[in-house]
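Questions regarding the structure given below will be posed in turn.
Chain naming follows the written order as A, B, C and D, and within any one chain the residues start at number 1.
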Amino acid sequence: MKLYEYQAKKLFAQNGISVSEGYVAVDEEGAKNIASGFGGDVMIKAQVLSGGRGKAGGVKLARNSEDAAMIAGEILRLEIGGYKVRNVLVEPAIVIKKEIYLAITNDRERKCPVLIASGAGGIDIEDVAEQEPDKIAREYVKPFMGLCNYQVRNVASEIDLPSRLWPEFVQIAMALYDAYVENDATIVEINPLVVNEEDALIAVDAKVVLDGNALMRQPEMRENIDWGAGQEYEIEAHRLGLSYVALDGQIGCLVNGAGLAMGTMDIIEYFGGEPANFLDIGGGANEEKVAGALRIILRDDRVKTVLINIFGGITRCDEVARGLIAAMNEVDVEIPIVVRLVGTNKDEGLRLLEDSDLILADSLVDAAKKAIELVKALGKDDRYEHSD
Amino acid sequence: MKLYEYQAKKLFAQNGISVSEGYVAVDEEGAKNIASGFGGDVMIKAQVLSGGRGKAGGVKLARNSEDAAMIAGEILRLEIGGYKVRNVLVEPAIVIKKEIYLAITNDRERKCPVLIASGAGGIDIEDVAEQEPDKIAREYVKPFMGLCNYQVRNVASEIDLPSRLWPEFVQIAMALYDAYVENDATIVEINPLVVNEEDALIAVDAKVVLDGNALMRQPEMRENIDWGAGQEYEIEAHRLGLSYVALDGQIGCLVNGAGLAMGTMDIIEYFGGEPANFLDIGGGANEEKVAGALRIILRDDRVKTVLINIFGGITRCDEVARGLIAAMNEVDVEIPIVVRLVGTNKDEGLRLLEDSDLILADSLVDAAKKAIELVKALGKDDRYEHSD
Amino acid sequence: MSILIDQSTRVLVQGITGKEGLFHTNRMMEYGTEIVAGVTPGKGGDWVFDKVPVFNTCKAAVLASGANCSVIYVPALYAADAMLEAVTAGIKLVVCITEGVPLQDMMRVREYVDNCGARLIGPNCPGLLTPGECNVGIIPGDIAREGNVGVVSRSGTLTYEVLHTLSESGRGTSTCVGIGGDPISGTSFVDILRLFEEDPGTDQIVMIGEIGGQDEERAAEQIADRLSKPIVAFVAGRTAPAGKTMGHAGAIVEGGSGLADNKIRALREVGVRIANHPEEIPELLK
Amino acid sequence: MSILIDQSTRVLVQGITGKEGLFHTNRMMEYGTEIVAGVTPGKGGDWVFDKVPVFNTCKAAVLASGANCSVIYVPALYAADAMLEAVTAGIKLVVCITEGVPLQDMMRVREYVDNCGARLIGPNCPGLLTPGECNVGIIPGDIAREGNVGVVSRSGTLTYEVLHTLSESGRGTSTCVGIGGDPISGTSFVDILRLFEEDPGTDQIVMIGEIGGQDEERAAEQIADRLSKPIVAFVAGRTAPAGKTMGHAGAIVEGGSGLADNKIRALREVGVRIANHPEEIPELLK
């Protein structure tokens, strides 16, 4: 659950961190007005929820307000990482004496938050981590104790930050930690944190990713999330409570359980097929969910067959079968569907499916092989016909 | 550093705790207006920083606004525990179904905060603790972890709070804990927390004591403190950074260090004298402090002699001697003063005092005995003459 | 023989009067699990199925029942409090089924559980099953039979698939432990592998990993250093793309870390036999 | 012999470039204490008295100097952070001189110090003195001589009075420990009495208590159970009224608890000889 840069900056500013001053424009006119209000050089920055906007041409310098309008127009026509750019942030260009990377995120290995800083800011921290690991300083935070001032000073001293900037740096890192905790974030990042001409520290870019599991207790953050960003099928999957990830293959997958869904994809590939997606319908499997899942899978017309793999546990196979039958009536399915049911009430489930057009399989291997056969029967080049 | 009831209630209300609605009046007229605004019965409560206001007649029920004015007038003429009553809080009288005691304070033995609750609210908790210890439930809080909901439920179940009130009770206790932590309090107390006619929980009295050591980082709280309350000499001692406690005896004490100051009082009593005060001038001993300390001691005209006991460590005896001489010139001293100097630069200090009127002593025992002798020489009944 | 749970396990159910709690309490009791108490704040004094007393607090429940294991079915935002409560009440084995517990809650819970010397399984896990003896959680008991194969898994239904495959092949399970799919959980592969190594009732081990984190790599290090029993592993997610969460919050390949292939390589290097798919597992067992 | 500090103690001074830090560093060095490093954030690279290197962080200071003890002279609101920093850097003996540390800070510091297995003396204490060997804190070194009497005290100048009296009477001190007058501090009488009991260089003990808390009562319990060395005690504050803080934040009689007479009674009952005033102490020693 990512926030836009401008939202992240607002959050940081509320916690007392100095951020670069800017306004959001939705069109050329707006960008022009903001730029002329600032006077001088401005940065025009695409507001998108994906990374890599710099490389995609989503961040540009404009010399004057006319220039700003033109550049904003260009950027607003971009699509970056599957997201349409709907807004740009217009900010005065800042003279940069030094760029610092500063972030707090969770360390999975150590089960705790970690403060990460580097004197090599402004670029991709993962590149720094790989090429110059010594340039990254880390402090692990005890969850109950929280970040301590001395830990920030440790980091400041390790990244050779001039000591006159330490008090300000400590204040920023502590505020960033507060933002991380108060908002149930999984990442709060300032990259770059800039030392400007006046020797002050300014957050020039900001990133906040929130813990989706905690949104229920973060009503303000929930309002900040742009639920309508991204592809339509992602929005629909989210609405139905499905986990869906698109892939490039021809065999659609509909599975209960995330591990089993991955296992199903893997077995398809192992036997020479290509999965078209990851899809976990979760626990239970009512008609609406199954139908919605099928619709999402079928929207990709590279999909030539669907493999449904259900392991009944708490979920009962007969209920799933009923959901399937109802869904099949509702969704216009023109391709073959292989179904494998096992576990609780399997026999009843299979009986219900007897009269359907569904192709039944005995085991996961059997199901994968059947699905692959079906795709092969359609001809080898078929998968490429739609990409022309 | 205690807050007034009305300030404590405001603090609790800011944290989301329901408190009884009321306004502060400084005179009869104000009390009358507030009472007539509410209509019906009102409680008139003295706002003082000492305890025991109930027994002192500082809390009374008024049946109407005329009554309120009269009672407020009476209460505003009271002095309770050395504090003049300057304000009264006027609140609608609440129908009470049940009274609960709820507090968070620090447990010195276990070095942690403790949540204390009792179903026997409304009365002195120390009496309950003594007479019916089973009626008090306690949960110790891990300082880093903070109070957990389950701990509040433990307490709720132990004091037999009806379970329909638990969610509200948990919310109140958690809010109270936040108030304790956020404001660096040493005690936050609601007594009574009342179950009213509508079965809601309302804080009818509130107490907050703040940690004086933390006031520097609590600017809002610092503004809330009524530095001008209490006796003038207490205010003056505080201003000078002196620790002063008045006692009933005739021998004034001026000592560097709290433990030594108590030891000096004890030795006076051991040899048959009576200390007039505890006074720790702290580290260093410049003229202003010594002079101020002398003035405070001498303001009590029961004092017949002063014992000055200085152990030079970091504090140098010669400096103290200079401070003493300067102070003696400044303060009008008409009674004998016994001085005992020991430690760093003692010889130089004693040399400086050679020509003064001060009576020098070799040791603490010697000093105590000399002071007692001086008092005895003034006649046995002397100490009572001023109390007539 | 088994690990963690057996016939002597006395189970406390937190959230027992909720829909999930009631449903699974019934299932666990049908399996023969000794459910000795339940907790639902405010419902103290009630009885569930006329057999299980309900208490307001874990403290009271543990005192009255002598429970030594707790299983948690409370909603995600209350789960952390429930785990802390169980541990504080002296429970040394806490199993949290709840999915969707906030991550920062889990960091704090983990710190506390470790400090108290307790063991937490989960959250977001199917629980534990010692066939024929005790079922704590939501694993369908009928898919596994008694035997000598220890099973440990980060997944839910994939675990059932493996238990099913084992049963079909005539093999049985000593204990099955679902450690859960969250990035921060109570127990790792290493912890459970050690327990299996010490368990005389476990002769070989099946380990079901998935993408994300370094848990399988840490397990490989342990296997090299300390473990002697034969291990078969399946790691799900070889076909998963980077940067996408695959259902489980913890199943994500990030910045080149957490790849299935790396995990498989690490495990293979220390002598673990790798199954290409779940149905291959029985053939690879000794 | 001695407890806690001796010739081998390598002292780090936190807040070394402040007024107090500089003054006492000089005094401690004059006494012969081995001051191996100082810490002042932002002053790393400086030198104090041309002898003591200053570092930005405890981590760096400990790495470079091998310090095994830290003494803290930083302002009250920063003292908690300094204590946590020292302990995290691996220092096992931290002495905090600073007065006025907020109480809630101290509760957290104490929890952390205990978890880390370190020892904290203070805050609001005069520090430690092992005559002839090492002086850590602010106790004037010249008032005590070497000897076999262990001294432990909640007070400052009253301790000096006692050390002075002992010296005047020809007796010497093994180690003097000022544990401080705050209600929540790092070390209690019990802790120090145990150390003295085990120290072959300490033959008898002087304990200087005061009103407030239950520390002396706890000590009495320990004395009854475990301690064999003769103890003389003075408890200050018999004449103190209830409900009033007597200078030290911890010196207060509250709700009938913390009375000097109760403490004296508890100690007397377990065989501790009680001095009526400090100058009586030497006569009561064996």
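Everything below uses one rule, namely that contacts are C-beta pairs under 8 Å (C-beta built on N, C-alpha and C of every residue); 3 or more make two chains touch, one makes a residue touch a chain.
Since we're looking at a predicted model, the values are computed, not measured.
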Averaging each chain's C-alpha atoms to get its centre, pick out the one most distant from chain C.
B
Separation of the C-alpha centres, chain A versus chain D, in whole Å, is 55
When the C-alpha atoms of chain C and chain D are each averaged to a single point, how far apart are the two points in Å?
49
Give the residues of chain B that touch two or more other chains, as numbers and ranges in rising order.
142, 144-145
Hunt down the residues of chain C that sit against at least two other chains at once, touch-wise.
108, 112
Take each protein chain as a node, join two nodes whenever their chains touch, and name the resulting shape: line, ring, star, complete or other.
other
Pairs of chains in contact here are A-B, A-C, A-D, B-C, B-D
Chain D contact footprint on chain A (complex, rising order)
145, 148-150, 153-154, 156-157, 163-164, 166
If we count contacts the way the header does, which residues on chain A are in touch with chain B in the complex?
142, 144-145
So in the complex, which bits of chain B are touching chain D?
106, 108-109, 111-113, 126, 129, 142-144, 181, 184, 186, 211, 213-214, 216-217, 243, 245, 247, 255-263, 265-270, 275, 278, 280, 311-314, 342-344, 363-365, 368
Mind pulling up the chain C residues that touch chain A in the complex?
23, 76-77, 100-108, 110-112, 126, 138-140, 143, 153-161, 164, 181, 183-184, 208, 210-211, 213-214, 234, 236-241, 244-251, 255-256, 276-279
Complex contact set, residues of chain C against chain B
41-44, 56-60, 78, 81-82, 84-85, 88, 108, 112
